[in-house]
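The following pair of complexes shares a single chain, chain A, combined with chain B in the former and chain C in the latter.
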Partner chain A sequence: MSDLGKRLRGASLLLVLLVLWELLPRLNLVDPLLLPPFDRVAARWAALLMSGELGAHVVISLLRVLAGFVLAALTAIPLGILLGLRPALRERAEPLLGMLRPISPPAWIPLAILWFGIGNRPAVFIIWMGTMFSLLVGVLGAARSIDSRWVKAGLTLGASRRQAVRLVILPLLLPAILTQLRVGLGLAWMCVIAAEMVAVRQGLGYLMIQARNLFQTDTVLAGMVTVGLVGWALDGMLGIVERRALHWREGTEAHGFFERATDH
Partner chain B sequence: MAFLSVQQITKTFGNGPANVPALVDISLDVAEGEFVVVLGPSGCGKTTLLQIVAGLEQPSQGAVRLRGQPIRGWGRERALVFQEGNLFPWLTARDNVAFGLRVQGIGPEERRATAHQLLSHLGLEGCEQLYPHQLSGGMRQRVAIARALAVNPEVLLLDEPFASVDALTRTRLQEELLRIWQEYRKTVLFVTHNIHEALLLADRLVLLMPRPGRVKACFDLDLPRPRRAYPAELAAWEQRLEREMAEAEQAPHVSVPAWEPQSLAQRSPSAKL
Partner chain C sequence: MFPRLPVVRLLLAVLLLALAALTGCAPKKDDPLAIGVRTANDHAPFYIADKLGYYADEGLQVDVQLIPSNTEIVEAIQRGDLQVGVAPITTAIAAIAQGAPIKIVAMTGRGSDGLLVRADSGIQAIGDLRGKRIATIRGSILDVPLRQALDQAGLDPEQDVELVYFNQLGDMIQALKTGQVDASSNTEPFMTEAELQGWGRILSYYTESWPDHPCCVVFVRQDLLDQRPDAVQKLLRTHIRAVDYANAHPRETAEIIVEYLDAFDVDLVEASLAPEKMRIDYRIVAAEVEQMAGLMHAYGLIERQPSTEQLLDLSPLEAAVK
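This part shows the complex of A and B:
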């Protein structure tokens, strides 16, 4: 019941916005060229979907995100754990990380194009760069503040150092890793759209930038709606994974994607 | 030769003039199968002592020997039960107990059987699949003891294991621990600040005094068990120990500023501080 209530509340806010979106251009309070009414965007969205064009762009974007995100996870998680557990290494790496991290993902675009030309590779590189540092810093922070009680318990029960990492430290870090992955996937999805606005001929970002060039505001907005929907779905999927994997924790509550993403 | 022997252990935290001596010249022999309780007020370094015996802390000076062999680091022949909350929260009770077997490469069937046997032995039948947060404090400590027993240690080290459970549960756990001790013939080193608990459990009692931690006195408790059957003797012991504890707490602070390792080595082993 309360779940249904929550959903209704969420839907009602959306409904109000949609009505405003429909009315403002219709009443000419906003130039319909700049903000086409919702029904036109919806119709455009449906047409793009039916023609298969939208699906193709989404799939391409998702594949790039997947590649960059998996690369980022594979590099950032082991590296974060290593740096978290080894203060000597961490001290050496921290200035570098501190300097590289504030470079926003789009700032890598010129370099990515110089290095990788056009196509998928620069996009994957940008996603990797844009996601990796956030992931790395998050995992590192969790690893360095790990509670040694459980590690000690594992060691006194006969675990080797390697076993302690695999059987104690990894499970201990899993909540933080999953949170970071969720943040990272959101970042990756943002990066792909930015990356696709240059140097590619496919993908959601391309669709939108192309539509802008042709002054098809309805397509731009349809693209944005799709970006939001897909991002929401991705986060929801990881949220389910998170809840499944952390069932042993009390009161594991999923927080809103946008609340978290704006923190980073 | 003592079974477990703590030899002139000194532990200092920090270096240079800012160092803090936690333990000074602690010696202690434990016979095989003996139940030794280390009793002391807070700040006397009893947990540090236990961590040193477990191999999780290095002594600044001195050594711990098991069967005459100096210990090097931690090892599962010296299993440690912590005060609270150190069950692995992501594992069920059964998998917690089986952890020490898993890291030895023992197969799942045997692990399950051993864990089941130990858990039912500790009165936790039917709790195998529960996670620590689903267990009460007393049940968690039972699981922790079962987990330590599962690796078949020679020495069981317990660091105030019943400090955070209610009085009734505490009594039951103490009885259970004695039963386990008698059944498995383990050597036990048990740390507590609770006089009554120490008197109910110990063959021998080592009283520490704080700032820095030193041995104040040792007592042999030749009362038969169960000790509750001897209320008069227990009361007498309790009075005596309360007096000793109060003295220990008021003991003057022995200042050991910028303490140098050599100064202690020159002292004779049995020197009283």
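This part shows the complex of A and C:
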């Protein structure tokens, strides 16, 4: 299947859904109050975009998400590697991680206000909490599964512990870390709505929650479309970074194996 | 074309189910009326009518449901899960401004909202709030009278103070307590509770800037008005009876409120029902609804101001009073 063909197939499903989205409320098969037709949402989206309002919300949301995501990466990657390589520490940390990870981002809101007041800091905190534990568990799992023979070989050949981490462990972990970061960025972006539910005056979450309170469903949907588009773009960008960084692996991996096996 | 037919069929089935959920349904004759209320002092007439069997006296089958938020009450009424809702007048106006097929038919209460500050703060009058942070819920019944009170004190709500938007009363109380905001627009019985606990002080009630201002209202789906006008009239007769009971029996009313809220104690709720704080009432005047809608439009909270005919239908109440 050619690249263009793949894109067309992706676009066709989207197009079908958009047509349904327009027709069902227009034909009154769905109450337009519950689902405003696509053209009304598109008009609202365009109006928000042209006024510059939407851009400002996107930028501030992106900054919060990036701050929370970078904090999560800076904490989760070293901690994950450490716990992955030290079974004694890991055994002590695992129950705690197991309990903290399932706490959903909105559950942190009351504490975020108490600890960080109002404004950007609690929002960044919520994104950090919502991203870090999953990232940590992912990196930990990868670090755990490193074949210890590689490390032993390095040490036997005269590497110091520090060199073993830098020259053997990190390169071995890089693909897994990049994959985890990509998943993590998606998670961080998903947290943005929860993070902006409280005491902020800008951001996509703010836009959507204020619109919901005043029953402006077209604005809510315009916000959701924007969240989806930006999330998609972020994922695409990290995908490119991932492919560039892992260029050296090509040929050594069975790339596309699955696609060939399932793509009739 | 579709190599995994069962999956496609399953998806289609799910899609159809989702559509069925979005189509809503008209009320049927003898179905019990589903009424959505929240836990608030001025929703008491509905707890009273439920508890004291007033609905049965009218031969009316009702199902009074406690719903967590105003937004959810309107969403449920739009879907048709509820036929009657009780929520702040601002919520009803915002929904009608967006085309929700509902009409306001009666009031439940007046007043009860105001500004809360910390007991140890130096804020003595609304004019002292210049440059301060004030917690509010944008577009709500805590917000519109707040903006009006600020305006009257010579403060521009967007320029001279910093409005901080919240979604939950509890979060606003917490933020005020811990000093992250200087004042909070709030309501009863939370304000009286803060004073009784010693840390809070009621700066003023919005009844000072807008005497007897409307608070919560009763609204019904248009199709209920069209198809079962007798049921709406009976509902309003029980409402009037319950309002009269509440005003005549504050202690018993406080006891019933506590039972439904499952929070606070009877003394606190009775104190918060004092006439200078709030008033339970069913009467409603078109002019005050128009005034609220006009303010919401002026403050940019609704894009267009609905007409009086779109907002209100007072005929069932007039019939019920007779």
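What we mean here is this: the second predicted complex is superposed on the first by the 248 of 264 C-alpha atoms of A that agree within 3 Å, B and C clash if a C-alpha of one lies under 4 Å from a C-alpha of the other, contacts with A are read in each partner's own complex, and residues count from 1 in each chain.
Assume a contact is a pair of C-beta atoms (placed from the backbone, for glycine too) under 8 Å apart; a residue touches a chain by one contact, two chains touch by 3 or more.
Computed from a predicted structure; not experimentally measured.
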| item | value |
| --- | --- |
| Joint occupancy of chain A by chain B and chain C, clash or fit | fit |
| Which superposed partner A:Gly98 touches (first chain B, second chain C, both, neither) | neither |
| First (chain B), second (chain C), both or neither touched by A:Ala199 | second |
| Touching partner for A:Pro171 - first (chain B), second (chain C), both, neither | first |
| Which superposed partner A:Ile118 touches (first chain B, second chain C, both, neither) | second |
| Comparison of chain B and chain C by chain A residues contacted | C |
| Which superposed partner A:Pro87 touches (first chain B, second chain C, both, neither) | neither |
| Which superposed partner A:Gly236 touches (first chain B, second chain C, both, neither) | neither |
| Chain B and chain C, minimum CA distance [Å, superposed model] | 35 |
| Contacts on chain A seen with chain B and repeated with chain C across the two complexes | none |
| Interface residues, chain A side, partner chain C - complex | 24, 29-31, 33-35, 109-110, 113-114, 117-118, 197-201, 206, 209-210, 212-217, 264 |
| Of chain B, residues touching chain A in the complex | 54-56, 74-76, 78-80, 82, 85-86, 88-91, 99-100, 102-104, 131, 133, 147-148, 151 |
| Residue ranges of chain A touching chain B (in the complex, touch as defined) | 149-150, 152-160, 163, 167-168, 171-172, 174, 248-250 |
| Complex contacts: residues of chain C adjacent to chain A | 3, 19, 22-24, 71, 74, 78-79, 94-95, 97-101, 135, 137-140, 164-167, 171, 174-175, 178, 180-181, 301-302 |
